[in-house]
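Each of the next two complexes has chain A plus one other chain: chain B in the first, chain C in the second.
So, the complex of A and B:
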């Protein structure tokens, strides 16, 4: 607005108000008045909020003192700490993010209020995510935990803020204040694969995936190798939907695989839509994240048990408070057993899996045992060689028998 | 039934009134959102305070708004330029993505000094953005094909191409990152004294000033406005309308494409291409241009406003406000502005009882 226009505006305000203008101004006036009235009416409701805000300020004050103590006593630890979780989906997705949120609550409860945790759900993969992480640092969080890999969207912020601790689930960046952690799920997939191979006479297994990463390769390879150990005809047919949380896409992929005749349906989806699809078709199915047998009451097989996140977070919190936290140098792989069997899974299947689970645990059996060929026919593991847990977390191939990747 | 008042269309819409109505509309939208928040038993005044604090409380907030605004402004300027000609380029998202796509291709594969790489990336991105609108432009200019459909649909093609590159042929396999290409190493320098804003922030400002000047004082600008007013009259006056349409549309694509490159080399954390690379920047840019009525000064103001709103949304999310409520607030505020814009074209007049009687008499 240039100067003359500004003058016009001022002149306009001084002029007697025309009827038209009075009408419009009146309308806005009424709107404004009603807000004020509503605000007054809400005073009672607002009052506890103010006290809450006051409490927050005092909490913030203690925090500053805590921070001050931290600086004076270098490794003295913290009186209390703020931890913020960033979820890729909603905290009540009946799946991945819910598993993390349950773990967050369980871990927080162990610290009698010394750990104050909060979360931000539904965070996608664009540049505003970087700004979100910056905001979390500015909010004074001591530790930030992301339940999926945000890569450099997060990495640029972690580099700039060496005093804040960062954890990235399935992350691949390791610095002085950032490391990645995940479930050791190749073993789990292998066990579920044995069940799938026994339950599916044709050996046709369907898998709904998100992105072609090491974690996905471990899922499908584990399934296939487990199934092949009991059913030489087993195959795994993969459909990628480029998202972890999109019930519609998951449903379409499930329909495609089911009409293709798979007899066991599994996937890495964060929500259980595909279980309902499998149940409707009378096909065996399993789930990653939680025991969600109500989605498939009769055909539920088992799920990956992610309760291991809770003790892991608890450990991280106590190290944070004690001042002994240090970033790990390589991916922390947490034990991830199978959960509770579905009601209709035969005993012989359960026994076969239990036997293999014991061997995997004592090291007499490895998921990747040579000779193995990848889906293009090249040898990836020589005869007599195996890949250990840490090595399996970096595999970049699908074994022979997996299609769709 | 006849009301005592009716809306009558104003013969001439004056800019000042239109602006003040839009601002009033935004305020009314904010007030309405406040009421909605009250209904969900949240304190809107406190949330507003938190938003303002997030934006103006620190240098980081202001920088955050600037970072948000660069891609939105680039798309908005492109769209505003075509709107002067009454051409609706809904495809700036696709042109933006194609610019970034081409820039990633050059930026990660060529081994030349970084300053040269930046220039090459800017060039190729502009060309790619323009190329992405070439077919809609020719189709519109020579065969009268509706550009709304063609530009819109090409957005989806561009997004799929980006997804394919990020998950397929250019996927960063070394670092095992879930879903993106390698990151470009050549980045723009930061704005002097600022922490996260790159010098790319001056590009939309310079472009806006340039176009403001072009439309105020040059023949080309006048011709474009004339085509927007009445293409047939412009043709009759001897303007080569077809050529102008193609030029302007290619230019809008190039600007959006350059925006993609600026985002790739300037925005923190955005140095690799992924499916989420464009956070609906084209759509936001389109909204900005439409709300600003294709005025370039207005584009800057509206662009910064919408960016501030988006940035406040990020801050509020960390305070526990659901992203769905935040999107709801964006929507209500934008509708407020749109209603204000329309209301500026009308005035309330008292219905003349005698003339109403005659109308009824005539129809009876």
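So, the complex of A and C:
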């Protein structure tokens, strides 16, 4: 092939599509593609949005003022409302975030499409968190619900946007448009502790914890005091793994506790590895967030029942629509009963727990009843005194008999 | 059945052995890569891919044998490894960049494939060997003998085989030459690129086995980001081990023992001076990484301050692509 032939070939190849035509076709192509993309985007908006499109930040920011005025205009009541949930974990985490997402779906279903809810999963604790909350406001959400305490990462946004309602699970900041809510689970742990004390002859209870917070203290104190009420020798061994989610580390913590001879193993992990470990060793076990008996078919005792979030969210949604929403002045503590008993838990254990649950409910029994000493030996509750629900939400000590805290 | 191991040291050992096996396998895979001069930073991704395919094999393809599930995990990692080898050995792209891409991409891919499978319990698990009641009565023997079969493969059979091939065969000499001086190996007629390619793929398959082992024994369920940094620790262990098979085992065991020390200390309520129980848990969580750091620094420090050791025993051509024209 000589040079001129080659040139002819190149020209021939180029001929059917001139440069201008190519440009035109390209432009049509881009236009067509963007139409398709836009259509997809609409579909996505109708279904629960799983991710906030960060790229839209600038476009959405211009809408901020529009959305804000709209909210004010409808202050007396809303035809429909947008609610956005922010989860610390994935919505299928078999734990905390899944419990919230089930509640979100249940509550939304009660409103015949008047409440449009969506969620953003896996939100950690850094500067992008604040950005997310700002964007959720810019997107015109009427209510934003965070399922963990984001503190000032969220607080700065709530202060700037008084027209948007904020709820923060386990939050400790209370303003005109923000309040915290949580489960009153010290009672639940106490009931589970009674079961553990009756099921474990030695009274040795193991607990795999994440961080030294009030949640943890109420879990271990409840377990210990419940178990001691039926078994004076009961102890709670705590292993902190400094995460809610590291299956391998949780597995090692479970191994360490099981090889130390615990006869009831509980924990606040968002995954069921420790249940499987307990089942394999024939040790009674239970789970925090959900019913997870499939991980320990024969040794499952019970779990905390977090379905109370659904009616709470439903109540918040209807107040939002009616225009009667107001921030609470102190933490709303929701009832948190035990779930369904495992198949092999003896009837006498179930009866003993039911009796105590009734007393906790009518107020004749309190989890924290003095005299109580903390694990360092100092008196924390004087004889004849008790700590009420709000008080126990702020507990920051482990009672005597708990080791590892 | 087995009893409760009262002896604290033995209970740490018994828990550390399976936990460390993950790092042993990943580090062995990385070591094989590095022995032929290919730096593979993608261990984190390979563990994830190996794990997720073992999960898929077990949950979705109804594979009933843990051995087969592990092989599927290894095969998947090897496919990714083939792409890696093609990029680094054949195309001769920058190994650090491709390795980082593999680490990030592998984690992302495995999370995507594992999406929706979180928490489903896997039933095809490796059982622990039962050495018989005569042995399990003795806690010392129980700690070492009551383990799953992969432990013995990872700790003894695999390192012994690699040691024998690398240091006792002519082929092993060529393999090491490819990592040290590929030009010389080429001059004596060995296929440098072929050996590099083969050992890179083999190493990635073993790294994939680490992930498969994780879900088939220790944490019998899928969870996203499953490696949780263990791939990076494996890379550090290779340096600590000076690229020697049995030292890899020792280094990994040290790391695993530090994690077990953390949980056992808390479970048994041991006290340390200067720490209250809560601070102690944070300190002990940090310890495995501090020990890893010291383990890497120590040989270099010893060389610096007069000991007659090499600062590093790294293969001389590590992370250097081989161009025949430039030798």
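Throughout what follows, the second predicted complex is superposed on the first by the 330 of 405 C-alpha atoms of A that agree within 3 Å, B and C clash if a C-alpha of one lies under 4 Å from a C-alpha of the other, contacts with A are read in each partner's own complex, and residues count from 1 in each chain.
The rule is simple: contacts are C-beta pairs under 8 Å (C-beta built on N, C-alpha and C of every residue); 3 or more make two chains touch, one makes a residue touch a chain.
Bear in mind that the values here come from a model prediction, so they are computed numbers and not experimental data.
*Asks:* Could you tell me if A:214 is touching chain B, chain C, both of them or neither one (first, second, both, neither)?
*Replies:* Touch status of A:214: first partner only.
*Asks:* Applying the touch criterion given at the start, work out whether A:394 contacts chain B, chain C, both or neither, answering first, second, both or neither.
*Replies:* In the superposition, A:394 contacts chain B only.
*Asks:* By the touch definition at the top of the document, which applies to A:132: first (chain B), second (chain C), both, or neither?
*Replies:* First partner only.
*Asks:* Just to be sure I read the superposition right, which of the two partners does A:120 touch: chain B = first, chain C = second, or both, or neither?
*Replies:* After superposition on chain A, A:120 lies in contact with chain B alone.
*Asks:* Contacts for A:206 in the overlay, against chain B (first) and chain C (second): which applies, first, second, both or neither?
*Replies:* Once the two structures are laid over each other on A, A:206 reaches chain C alone.
*Asks:* Which partner, chain B or chain C, touches the larger number of chain A residues?
*Replies:* Touched residues of chain A are more numerous for B.
*Asks:* Just to be sure I read the superposition right, which of the two partners does A:245 touch: chain B = first, chain C = second, or both, or neither?
*Replies:* It touches chain C, and chain B stays clear.
*Asks:* Once chain A of both complexes is superposed, is A:272 in touch with chain B (first), chain C (second), both, or neither?
*Replies:* Only chain C is touched by A:272; chain B is not.
*Asks:* Does chain B (first) or chain C (second) touch A:92, or do both, or does neither?
*Replies:* In the superposition, A:92 contacts chain C only.
*Asks:* Once the complexes are superposed, what residues of chain A are shared between the chain B interface and the chain C interface?
*Replies:* Chain A residues touching both partners: 212, 240, 242.
*Asks:* Okay, in this complex, where on chain A does chain B touch?
*Replies:* Those residues of chain A that touch chain B are 5, 8-9, 20, 23-24, 28, 31-32, 34-35, 38-39, 42, 45-46, 49, 53, 84, 118, 120-122, 124-132, 134-136, 138-139, 148-149, 151-157, 170, 172-173, 210-214, 240, 242, 394, 396.
*Asks:* What does chain B use to touch chain A in their complex?
*Replies:* On the chain B side, the touching residues are 16, 20-21, 24, 27-28, 31-32, 34-35, 38, 41, 43, 45-46, 54, 58, 60, 64, 67-68, 163, 167, 171, 173, 175-180, 183, 196, 263, 267-272, 274-279, 310-311, 314-315, 317-318, 320, 322-323, 343, 347-348.
*Asks:* Quick check on the complex: what are the chain A residues that touch chain C?
*Replies:* Its residues touching chain C are 90, 92-94, 206, 212, 237-242, 245-253, 255-261, 271-273, 276, 292, 294-295, 403-405.
*Asks:* Which residues, counting only chain C, touch chain A once they are in their complex?
*Replies:* Residue positions touching the partner: 4-5, 11, 14-15, 19, 22, 116, 118-119, 121, 214, 218-221, 223-224, 226, 228, 230, 259-260, 262-264, 266-269, 277-278, 281-282, 285.
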